[in-house]
Amino acid sequence: MKFFPLVWAGLWRKKLRTIFTLLAIVVAFLLFGMLQGVNSAFNATVEKANVNRLTVTSKINFTEALPYAYLTQIEAVPGVSAVAWFSWFGTYYQDAKNFVFSFPADPVRLFDMYPEYHIDKAQLDTFEHTRTGAVIGVELAKKYGWKIGDRVTLHSTIWTKADGTSDWPFDIVGTFEVPTDSSQANQFFFNHSYFDEGRSFGKGTVGWYIVRVSDPKLSAQVAIDIDKRFENSQDETKTQTEKEFQQSFLKQIGDINFIVTSILSAVFISLLFATGTTMMQSVRERIPELAVLKTLGFSNGRVLSLVLAESVLLCLIAAGLGLGLASLIFPALKNFIGVATLSRSVVATGVLFAVLMALITGLPPALRAQRLNIVDALAGR
Amino acid sequence: MSAPTLVSIRNVSKRYQRGKQSVEVLQNLDLDIGQGEFIALMGPSGSGKTTLLNLIGGLDHPSTGEIRVGSERIDSLSDGKLAKWRARHVGFVFQFYNLMPMLSAERNVELPLLLTSLSSAQRKRNVAAALTVVGLADRARHKPSELSGGQAQRVAIARALVADPTLLVCDEPTGDLDRHTADEILGLLQALNREHGKTIVMVTHDPKAAEYASRQLHMDKGALIDAGAINAA
Amino acid sequence: MFKQIGAVTSMNVRGIPQRLGASLVIVIGIAVTVGVMVSVLAMAVGFDKTINSTGHADRAIVLRGGSVSELGSTISRDNTLTIMDAAGVRHGDDGKPVASAEALLIVGLPKKGEQSQANVTLRGVGPASFALRPEIHITEGRMFQPAVHELIVGRSAQGQFAGLSIGSKIALRDSEWTVVGVFDSDGDSHESELLADVETVLSAFRRNLYQSVVVQLENPDAFNAFKDALTTNPTLSVDVKRETDYYKSQAQQLNKLLNFLAYFVGSIMAIGAVFGALNAMYSAVAARGLEIATLRAIGFSSFSVVFSVLIEALALALAGGAIGAVFAWLFFNGNTVSTLGGNFTQVVFHLTVSPTLLITGIVWACLIGVIGGLFPAIRAARLPVAAALRAG
């Protein structure tokens, strides 16, 4: 720590140059934070997937419906401890831009299946017994200012009612929180029975089933058993773990990971080059000073570590600023990715990258400083 | 010579490789420097005085021969050991002061102490003492660019002193100063020699500067000429 | 004046190899910035091109009222007949309307080299569909037959998804469908689809509702008449859109996202590149302080000094921009990618590095060069001549 003033002074020897270099690194880490943040937010959905739960969809595609009658058959499969179902409702509120993730479901089964969704017991009771009742995530409630007691009409882009209209009125009777993943708290759930009675077609079907297995080790076997049960029927099923299901869905959007990695590699390669050149230049200018330090008895190893420390300090400050800036801007992306904070693992990876970059860019000049011959350097050779 | 020998140089030669040519800068040189002496090393450019100074200060290895400082054979020390040895035993003063431009006077003086195990408070005390000795206690927070040449050289001398070395090695310490300032600096060195008992080896061009020394040595073409002791006082 | 600038510039440019490291910082920084930006924009351009060429101004698409895409739309058999008989629809030589009532189904097919399934459109089309879409040509094999489980696949779909060569069978529901032909369609989004006879598809999937009706208008101006005829008909609740508008709206969201990504990432990288360029040019100017001062002492104007430094920065920036743009073109132009389109199904498109994009890239490079060169140039011009001569 006592060497800190020396390192700090060396860093700011050429102020303008250090500031420009610093800003270039800040910019790179800002990009890193934003892009990697988005990427990891997408991946987090997959990571957070529950190992106990399986998704049962139509084998053709998950947009195809399955018969409601499958419920009892799935429940009968050994290893299945609970079953819930959902349907895709495809709604917007007032304007097509205001997309709402709404799903008809069975109230009790829904909240039993997802214990991470926290709802008040009394509200759940009301939900169960109110035909047009709906419960909403707290994030969604915040977004539109909806509260319990409000009557909200959603427009379904898929489902028409018997009278030919597509506007479905609901009464909000409760809200739920999802402490583990706030992006889940933007959903809108309502009674499947209300939906099934009201719709003009597709009655007696559901979108997909969610199955909980009694033991995660049984997942693979239970999945095979369920699919076998409906093999060669008119509606064959495809059962996947929650994780597999989400992974395959993400892949459909595109190889986000590849795009992010490519951009960031390009950015860091050019940054390595720019920072490396600056560090080299800075050491070249300071050769007489470094020689004096050696004269005073600073060992070769100490001089090497002083130069490296300078590079690490520069990169860490810059990375800190860049990642800090990224986490300030990140909440602006909330509507787009549903997550408001930059994940800690992204920040940690960024810091690790900063140190790595510092070592890579600092090592050549540090070695040069280490190998410096005092007599030649003092004589200006 | 009544004082015990501090530096003893025996049969030392130094060759440099300049391109394909090998240049012999020092030839079979012998020299003894007693504890508490103030030596002025004089001679024309290229006579080998700076090379000799570098060898005494432990900045370089001789090609052949033996150099002993105190009880230590420094000609055979590795680079790392030599660095440690310098930190403990030698203080350097250069013609162009060679202060770190970004550090304040006190931080510059503190540099050699960073290599010791002294606490921050002890370091502060020693730095203040060294600056007081050179008469610059009031300039502690100034950057080298805010100091005059003489002041900068005083800071450099304080830096050379602060770790309490046995030997001060000065390479043209007044080469960049006007006469008056030079006399002040030389007076300071003389006081260090006389009052604090520091052994000083100083390279200089200037016969007036050499007069401050207790002994003058003259070099030419890599050898000492007329190596007899001259009493200045 | 020009002689002066020329002399100073040639001196500067000849010095570039000596400061190779710093000069390369500018070139590489800008090359990477331009390369990334052009590549991402190439995605936007490619997607836009595919979607926009799908729509034709003289065709209209009819969806159920309130549906944003075909996926969410349903139209009954009776309604499809009413729609096809409406005013403004062109009639063919056989006297029948040139229109197609269509069903849209999503089937899961693995992308080539991947395990997990991607959503692919299976479009059931009516008998007049190929008169309606003359751009569709069978390039291999033959047309499907109605009433048997046969389908034809788009060129892009065949390239992107596994198991679509002629003769291969696809299991859907409780039946197997045979691929009998491959078609191209002017590179539009239908090339990402599978086509089959609509009645065969509906019965195989046990459905009786269509998703959309696409009609050929008598001429592009007949759109309003057609639209009015449908929207004033009390038995219908439908949205009528010109095909061009419909597809444009389908592409809008992704295009916005890609453009945002390109310009957001591009701007941030450009800022980084400007800092790199500033550093490199400042050190170039510092290294040449003596030369510049000498020239000024001889009588060269400060303007010629400013100009020559700027030209040096621009030359390096241009080199970087060109390298980045050419790199993007060489490596990404024509690359095939796919993503989820408006119907929740894969749209295959090709990255397109258009000449406009190349120019955009070069313009950005020049901007970075000018900003990165300007301040150092001004410093060079302000250098006090006497002091610089002494210091040198």
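The first chain written gets the first letter, and so on, giving A, B and C; residue counts start at 1 in each chain.
As a convention for this text, contacts are C-beta pairs under 8 Å (C-beta built on N, C-alpha and C of every residue); 3 or more make two chains touch, one makes a residue touch a chain.
Everything numeric in this text was worked out from a predicted model, so none of it was measured.
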Chain contact topology (line, ring, star, complete or other): line
Among all chain pairs, the one with the most C-beta contacts: A-C
Distance between chain centroids, defined by C-alpha means - chain A, chain B (Å): 64
Chain centre separation (chain B, chain C; CA means) in Å: 72
Distance from the mean Cα position of chain C to that of chain A, given in whole angstrom: 26
For chain A, residues that touch 2 or more chains besides their own: none
Residue ranges of chain B touching chain A (in the complex, touch as defined): 54, 57, 59-60, 79-80, 83-88, 90, 92, 94, 98, 100-103, 107, 111-112, 114-115, 120, 123, 159
Of all residues in chain A, those that touch chain B in their complex: 2-3, 5-6, 9-10, 12-13, 288-289, 292-302, 374-375, 378
Chain A contact footprint on chain C (complex, rising order): 21-22, 24-25, 28-29, 31-33, 35-36, 40, 64-69, 71-74, 105-108, 111, 114, 116-119, 172-174, 206, 209, 237, 265, 268-269, 271-273, 275-276, 278-280, 282-283, 337-340, 344, 346
Footprint of chain C on chain A - complex, ascending: 16-17, 20-21, 23-24, 27-28, 30-31, 35, 59-64, 90, 92, 96, 155-158, 160, 164-166, 201, 232-234, 236, 238, 244, 247-248, 251-255, 259, 263, 266-267, 269-271, 273-274, 277-278, 280-281
